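One structure is given below, represented as structure tokens, and several questions about it will come after.
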């Protein structure tokens, strides 16, 4: 990953000396990833995904109806909802239920999760059913939306397998695995899997969703501080791909005995 | 606990033969109780309380302002919010944030939790601060409101100790420990700590909140099926007290090294 | 009712000298109760119930559908809504419609009224209908929830009789009369039917819902000030029962010419 | 009032033969009007106004702050809120608090009441205070908005007199009395003070708010069925004035002993 | 229009000397009116109406269902929605969507627009369809509600003609043209078509909706400052009629090539 | 732009023969762009931007306060709100104000606009002020969010220049111009500036926000149909850059006489 510095040097961009990451990781190192499948007794499929101090419960459930725009198409629909426990952040976050509305950030995240997972599945195989993916953050330390996508995939696969065994669907409609990770530029350095401290001071923050075969489902890069170059985008994309490959492997381990 | 049958027999009430509880417990036996203190990295005080399959995260946090009715009294205020993850129940529950309002049941429960914990604390010692108690149900199998109260006490005590160490409050404002349990009459038999299957078919359901010294903070008994007698009320109260004594001991274990 | 003092004295609890009640009533005396049946021209059944300065309009109406959880069970459903006119209190209360949501206290009360009245009726006899009980407080001076229950019973019975006469239901589905009263401990003294001034300084406040035959439908006791003893609970329950017996008689008078 | 027929006949409009009104009143006859002043114990000023079967509680209260657009002008503000009890109509009306929003009709009416009463008062004399006028319909049989205005005036005057006695305001800020009535064209006939049955089939419905001296504060005429002529407008206005003169006298009676 | 002064002089009312209008118009002169039909590519019918600096987009669309109170009557329904762009006023107005509710003024206006247009159409000819009239204010300078009505008529006629050509309705259900204008008394002078500066200081503000044949659909006169006399009402009505006649002609021009 | 086909052919991806675009444009051709600056009389800065049939009013206004997270930092804040007129789409869209909440898509878009424009400005130069950017879609034919960003920049610059002239800010705080465009893969072909018909069947849809110097502020690429390759991402990015360069020139024309 040293190439980013050279690329930028060639363009005359001066980067500060590489600083240690808050938790001592190498720039291209993921936090410790743990996926506990079957975490929720009552869900069709579920897991607890932990990426360092970020902890998200992901659960899949279905209901026998679809939203109006899918009705009478014979196809199913996958949708997601995202929430954060008030105690998942410091300072305590206000409860959206009490405020009486879902905030803009929540809307943006749950739409992203839904799009990402719909790309993983042939929804025509689901019948006229909605699959709900609930991603609830127990503890937040950066990267909750990407952890949600990676975990939601595991919950979804567990759920679909159960539906298949119960004869509700004829075959597994999954097209490919899906995982997501954040990358960014922090203090001039390219880093993988940003924790909250890094995220809050990043110049560029990018979330990438990819399939098991390395194709892109979604890429969202934002210049929080200063605009960035095409070359930085490519370096971030490469770094993201290396991280996603590791997450795909973690998912594979989590679901191999299904 | 056999006395209830005799009492009822004397009144001419015929009770069916005692049936085994769904999980094989004795009528006066609690589910396995586990309290994991310090569960939330970002909270002032917190725990995960598990009573069998019921799991609730309880967290305490404060903010430096009080609601209007307390303003300028020099006193603080303790309030509670309660929520259930959509995946905590089967079938999946609708998310209150998405529905845009807090339901009646949630309101009722969070008001109960708030009252119960306010009775445990001398709020004048808090300064003009609000202590927020968040009780979020990860998994529901009956008794979530009583587990919330029992766990919220532990989170509260941990939080208050921390405030004391940081010099925010001069002394520990806790007056007494507080714990809660459900009792009920199911298939004519008096049982302690109802799980969901029992709760859904109970004739009478009663929640009791008591202090460590065995005094009553709150008692809420409801005839779900048929109205009940004074003698049954007393037998339920005695049974609740035996359960609460065990919970008080569990709390004491959880907080002894604070 | 003097026994409570002796009980407490035996436990070493010192009670202050008995003080006169604000309105000069004896400790075990109800306020003046008036029930004006048929108060609302457009309702199926209705009454104005006055308990001293507390005045509540109670009305029963039905509609030909039931909530989802009752659908296709052949049974009906009884539900309640509670409201307070802004001018019913001093200072003026904010209008819930204008605030855009029903508050927690309102939710708690209307759920209590609904449960209490459902216990009075065999809902299977109603057909697939919802019976709405509206309890609207014209003037509040303590005890509005218990007055609402007592009045709602009269409105309900009037309404059910009319449905029976119109052939909408085959027989009267009422199982027993239902009435409710508050009791409490104020300045160390046990009192019946608290007015607002008493309620706001009560150490313990308890609402009891009972049937005409003296069985308990609901009991809700709360230590507003200090926790209370089992003996106090029993004394309050006895006092409540004496008050409810009088209310049952008032109801009987109000409906006798139906 | 026969002139309207001639006017119309001259214009070639054929009117059906005059039909008896549902309650046997003459076309230019008000329903029985009763104003019970001081109806609400907790309000600054109040009355129950009954116009036939239409019954509205009107109450006046103040608070020591004004809305943003009046702030720092030294002036006060008068505003109104209007509500209908669910049981005031047949069939039962949905509760706006439960629906979570105030409907368009309610908004329209409470804005009308506020405008009408603001025209009666020199708001600069109120100090930086808001006067709230609550009009709550106990029973509806047409004309609730005009009854609200007529009753709100009485509540307002009672309230202002009390404020004056308490030294909160230096002098009575009322400029003139205010009352309101509906007129309309029903089955081709001009009628005063429409009841619900008339209102629901009226071709033209007009509400008029006037001062004690007969000047116009507000006039709202609507062709529900067919558009109307200038001559009809004038005839309606004359009829309204005769009704308002009677209402002004009723108000004067109600407040004469203040 | 000079007659109003004489009328008032005869009644002893002193009027200040006639002041120039802010934009130099004669008292009985409309602002420049432009109607651009077919303004919205996606609408069934539409126009941009400009009255001086007031600019409103009016659009008509239909959907194949009707509100509950019309269902199964065979008739259609016409309804209106009104909105203002935040940037249409100075200072910027808060967005109603962001505030989460439609304000009282908006409700009042859209109900007025709906009533006015329903009076223009024989709704039985529409089939079970709802016609939506959207009036969105791009720029506000007084008279937005009357401009909305005048423009909505053009959008409606264009839409109905298209429905007729598509065979959705058998014949044109329009009964008569409809237009609206404001009149008022400003600085003692009677003026037509008030701009914002005039409206904000008017003593009396009146909106009139009339048909092409000069009959009244709606009249709403409000004493913003001081109550007004019958004679002033008549003078305002006459002035309104002269303005509406001109608007009817503008509409006729806009739709003549349909 | 033919290179994308070769790239894909080398990877074994078969692309269908290039089809004409619905409006006959070349794949790398923008729709006709028109920017009418100063469109809103009451706004600080404004324009109407038209990209083909997509038409958006963009307006800038400020208020003298900032959101809580910026308070006491001495810095200002830029935020955006986005709306669509109901008549801007076919079929008519529901009005968010009437539905009582801002939808997820709206939230997502207005957050994007806000981020994009904040990157263009040194907010510390604004003082403690919020700059509101309102983007209201009059007519939608694809690309409303990118047109909104491009137009909002013009409104913002006009507004800031006016603030500078009025002495409200010391110097122009703009760091660089900002514009945005969509690119996508439709029927296997890479196209610039998608209209609605293209957008609705695109395999990949990407929005790019860039500065006048060609650096990236935001990139959001989504696989609506099938996941895409790194090479396709790069080709889309290049195409976007060519489009943005043209938009930057259009903006420069629009603001050159400020």
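Each chain carries a letter (A, B, C, D, E and F) given by its place in the written order, and its residues are counted from 1.
As a convention for this text, a contact is a pair of C-beta atoms (placed from the backbone, for glycine too) under 8 Å apart; a residue touches a chain by one contact, two chains touch by 3 or more.
This one's a predicted model, so the numbers in the text were calculated from it and none came from an experiment.
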Query raised in the report: With chain centres set to the mean of the C-alpha atoms, which chain is at the far end from subunit D?
Result: A
Query raised in the report: Cα superposition of subunit A onto subunit C: how big is the rotation, rounded to the nearest 5°?
Result: 120
Query raised in the report: What is the distance in Å between the mean C-alpha positions of subunit A and subunit F?
Result: 26
Query - Whole-Å gap separating subunit B and subunit E, where each centre is the average of the chain's CA atoms - result: 60
Query - Distance between chain centroids, defined by C-alpha means - subunit B, subunit F (Å) - result: 52
Requested in this report: Return the residues of subunit E touching two or more other chains; collapse runs of consecutive numbers into ranges.
Outcome: 100-102
Report task. Would you mind giving the ring's chain order, read from subunit A onward, with subunit B coming straight after? Result -> A, B, C, D, E, F
Requested in this report: Using the touch rule from the top, collect the residues of subunit B that touch subunit A in their complex.
Outcome: 40-43, 46, 53, 57, 59, 61, 63, 81, 83, 85-92, 95-98, 100-102, 106, 132, 134, 136, 138-141
Query raised in the report: Okay, in this complex, where on subunit A does subunit F touch?
Result: 101-105, 107-108, 110-111, 115, 119, 176, 210-211, 213, 215-223, 226-230, 233-234, 237
